[in-house]
Structure formats: structure tokens, C-alpha cells
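To start, the structure itself, in C-alpha cells.
Labels run A, B, C and D following the written order; every chain starts at residue 1.
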Amino acid sequence: MLTYDFKKRVRYGETDKMGYLYYGQYPLLYEIGRAETMRHVGFTYQKMEDEYKVMMPVVEVEARYLKPAKYDDELIIRSIMEELPTRMVQFKHEIYNHEMSLLHKASVKLFFIDMETFTRTNCPEDLQNLLRPWF
Amino acid sequence: MLTYDFKKRVRYGETDKMGYLYYGQYPLLYEIGRAETMRHVGFTYQKMEDEYKVMMPVVEVEARYLKPAKYDDELIIRSIMEELPTRMVQFKHEIYNHEMSLLHKASVKLFFIDMETFTRTNCPEDLQNLLRPWF
Amino acid sequence: MLTYDFKKRVRYGETDKMGYLYYGQYPLLYEIGRAETMRHVGFTYQKMEDEYKVMMPVVEVEARYLKPAKYDDELIIRSIMEELPTRMVQFKHEIYNHEMSLLHKASVKLFFIDMETFTRTNCPEDLQNLLRPWF
Amino acid sequence: MLTYDFKKRVRYGETDKMGYLYYGQYPLLYEIGRAETMRHVGFTYQKMEDEYKVMMPVVEVEARYLKPAKYDDELIIRSIMEELPTRMVQFKHEIYNHEMSLLHKASVKLFFIDMETFTRTNCPEDLQNLLRPWF
């Protein structure tokens, strides 16, 4: 299992009239979490698109909003990969505030799409090899 | 059951590098759908906060991304309320493109929170009365 | 001179902790204004990219924030084109609330870029011809 | 004169169909720049609102877009304060990519507004005192 924490501060433009992080901003947090998890193992999503010609559209999101996130709080985006990605990849995310109180939980599924044929493909082997030590 | 359709065009700033509507923009579509559904029955979310001192934080989202939404497409946000809201409210949303091809499905649960005590409360009776004819 | 008004409601996700439309949301309003002005004369920005292979990056923005825009207010985005576009195009925008109180003024300059050579080009003649009656 | 650099990576959700950072995302960069500049001198915008009951709405933005910012690039947001803030504050911002190529320049003016009377006020003395060593 691979777990990676990355910090992200809540900005004014990301809050709403309620005074908290807008509920529609959380998918950006998941994106940051998975991009930084890939970077952590030595890969980047940019490379996936530019060199491997594979893109990763999200196909499913399940999210639970437990407590609000406040302006200027430095959130911890925990990203968890429980299985080595093959035909698809699943990330679980837990969002904590700076006191490590759990604010939000989500599960996100993504496919691998060949950018030339627009059909489903496998996770690039090079990424699988970089991930293997955790599984 | 209450069903309401509202149109929303995909803007450039809402697309991403993949060329499609960014997956994190969908929660804004749900927000538009539920706000316009409330307006359709004669209520507004603004009134909920300003007059009834009740806010409606989202507590759960489940979303399936079926097909991408394209720049400048005039999407149809279908909002479906299957049960009269009491302690919480659930909206189902279906997003169609202008050819009525189903792109996206979601289910969103919201609580009613008393803005003075910050505790859970019921759906305001006035809104329930406006909604009752559909149930 | 060409002037065109288009309505856009302020959404919850576009407000910030101050309770008003976030100042960084205004460029999206300008985008909506210019896209709908082009559609009004019989052209679309989508066609510009897809058929004419020309894109229009913004090169300059000057904006004055006069009064805040409130949640759920139906804003009027007034777009003004004072000169027929040639090597570049300039839009002036005035944002009004539903009581026609002026909230915001902006001026936006855009270039025409050939998407194959990535060099500057002229406004497509077909768009100029559609615009000519106003000048 | 006070100058402060802060890094911010371009996220997928912040790009648009053109493949670059959407032009409407730059105001968020200015916000990040000024918030982090204040934090750098020992103050926070959160404290300004919560303890001093002063908010800082933006009243003017002038921006020049020189070169596009790319996905995943780690931008440098340079914030420059040329004068000690009194009745208003002006920030100049320069955005560089990781190769220190200048992509964008902007000038942003903000007022200080008393959150109880909604009238203009001065920059809090405590912030002025923290800033004085640079001027």
C-alpha cells in the first residue's frame, strides 16, 4: 500500500459565502494528491500525457464531507493507493486540517486512455514498476 | 417526484488541458441544478440563508463520469428529488449534452443547519409546503 | 460600435468568505461576454478554433471594481466593441446588477494566433464581415 | 521596498482547452502572492479580518499576459510592495516559470474596509510597523 501526504493551504478564492472551502474545490485537492503521489514515486502526470500518450480521466468519485475546511488552514491531503493499478487506478483521499482532524474522505477511480485511439489501455509498465515496491 | 431541467453552457475557463469540462466543475453544476429547482418551486437558497437562517452544507457526493462534456456545449442539468426533504435532502442529477446523450450522473446529500446554533435542523416548513404537490 | 448584454447569475461557488463574487471570477464574466457577443453576430469562438485554426489569447486586462456583486444576483455583462478587430481585438465590459447599478468596468485586449504556426495573424475575414454592419 | 517570492504549481484544473493556465486564474496567484508576503512579515490576512475587523477588497487590477504558463510548471509569484500601505495598498506581481522567464505582470490596488461600518479605514498600525523595516 502506498500512502503519501501533501500540504495545500485554503485560499480566499476557494472559500464561499459560508466562510469555508467550497465543496466543489475538493476534486482539485484529489488531483493535487494524485499528481504529487505520482511525482513522489518518480513519475509525473505530465510525462504520462506527453511521453506515454496516455490520459487519465476520472470515472467515479465518492465523497463524504465530515467537517468544514477553513480559510488559510494548511490542509493535509493524504492519498492512498491500495492496489497496483492495472486497467484502472483507485485513489483514496483523506483531508485533514493542521490539527489532524479528519475533514473529508473520498474515493476516486480513473481509467487509462490511449490519447491516439481514445480507447482504454493499461497503466504504463514504467509506472507499475516504480509503484511495485509498495505492494 | 420533482424533476427540473436547467441549461448551462460549458465555458472556456471550465475546460482543462484534455479539452473537456474539468471533472471538478461538476459540483458547480449540481449547485446550479438544486438552486434553480428551488427557484422553480418558488423558493430561493438566498432566502433560506437570509430569512430562515438555515444553510445547506453538502455531506455526500457520489458521481459517475460517463462521457466528456465539450467546450461551448449547452448542457442540460436534470435535478431529481425523489422524496420530500425532512432532516436532510437528496438530489439526483443527470447531465446531458444538447443531443440528450447522458454524460454524467450524481447523487448529492445535504443537511439543514441552523446558522445560529450550528446544529442540524429540519427543512423549513415553507419549503416543504411548496414541494408537497410533487410528492 | 457593437454593444451586447448577456445575463449571468452569481453562484455560491463563485462567492468568497467576504460574501461577494470573488474578484478572480470577473475574467470568466468577460469570457462569457465576448463569447456571447460573437454568437450574437453569427460566429462562435469554437468555430474560430476548430474551423479557422485561430485562437485568441488575452494579452491585457484593466479592471476597476466599483461595488461588490452579491450571491444569486443576475448580473448583466455588457460587452462593447468600439473598433472593428484587425490585428487585435479590444472588448470593454461593464457589469451591472439587476438594478442596473454599475459594479465593475474592464478593458480586455486579445491577439489572434494561428494555431499551426503559433504566430500572430489577423481577425478572420468572415468574422470581420459579420461585424462590419456595426461600424 | 519589499519583495517576496512564493512558488505555486499549475494544476490540471487550472489549465484550459488551449493547454495553458487559464487567464482567469491569475488573480488567484496575486492573492497567494499578497497573502504569503503578509505571512512573511509576520502578519496574516486571516488575522486582519478576525482580529482587526478589516477586509481588503481589490479595487483595481492591471495585467499584462506575456507568455503562457504550462501545466505542472512551478511558477514563481514575485510580489513587490513599493510603498508602505496607508489608505490603500498596491502590490506589483511578476510571474515567472521555473526557468525564470517572465510570463506575466500585474498591479493590484486594494482598500482597507472596516468590517463593522463598511467604510474605508487605514492599514492597521501593527501591519505598518511590521512592514516599516523594508521602507
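List of remarks:
Simple rule for what comes next: contacts are C-beta pairs under 8 Å (C-beta built on N, C-alpha and C of every residue); 3 or more make two chains touch, one makes a residue touch a chain.
Remember, it's a predicted structure, so these values are computed and weren't measured experimentally.
Interface comparison, A-C against A-B: more C-beta pairs in contact at A-B.
For chain D, the chain whose average C-alpha position is most distant is B. Here the CA centre of chain A is 33 Å from the CA centre of chain C. Inter-chain centre distance (chain A to chain D, centres taken as mean C-alpha positions): 27 Å. For the pair chain A and chain B, the distance between mean C-alpha positions equals 24 Å. Multi-chain contact residues, meaning those touching two or more other chains, occur in chain D at positions 12-13, 17-18, 23-24, 27-28, 31, 71. Remark: chain C residues 17-18, 20, 23-28, 31, 49, 55, 57-65, 68 touch chain D in the complex. Contact residues on chain D toward chain A in their complex (touch as defined above): 11-13, 27-28, 31-32, 35, 44-46, 71-72. Taken in their complex, chain A has these residues touching chain C: 12-13, 15-19, 22-24, 71.
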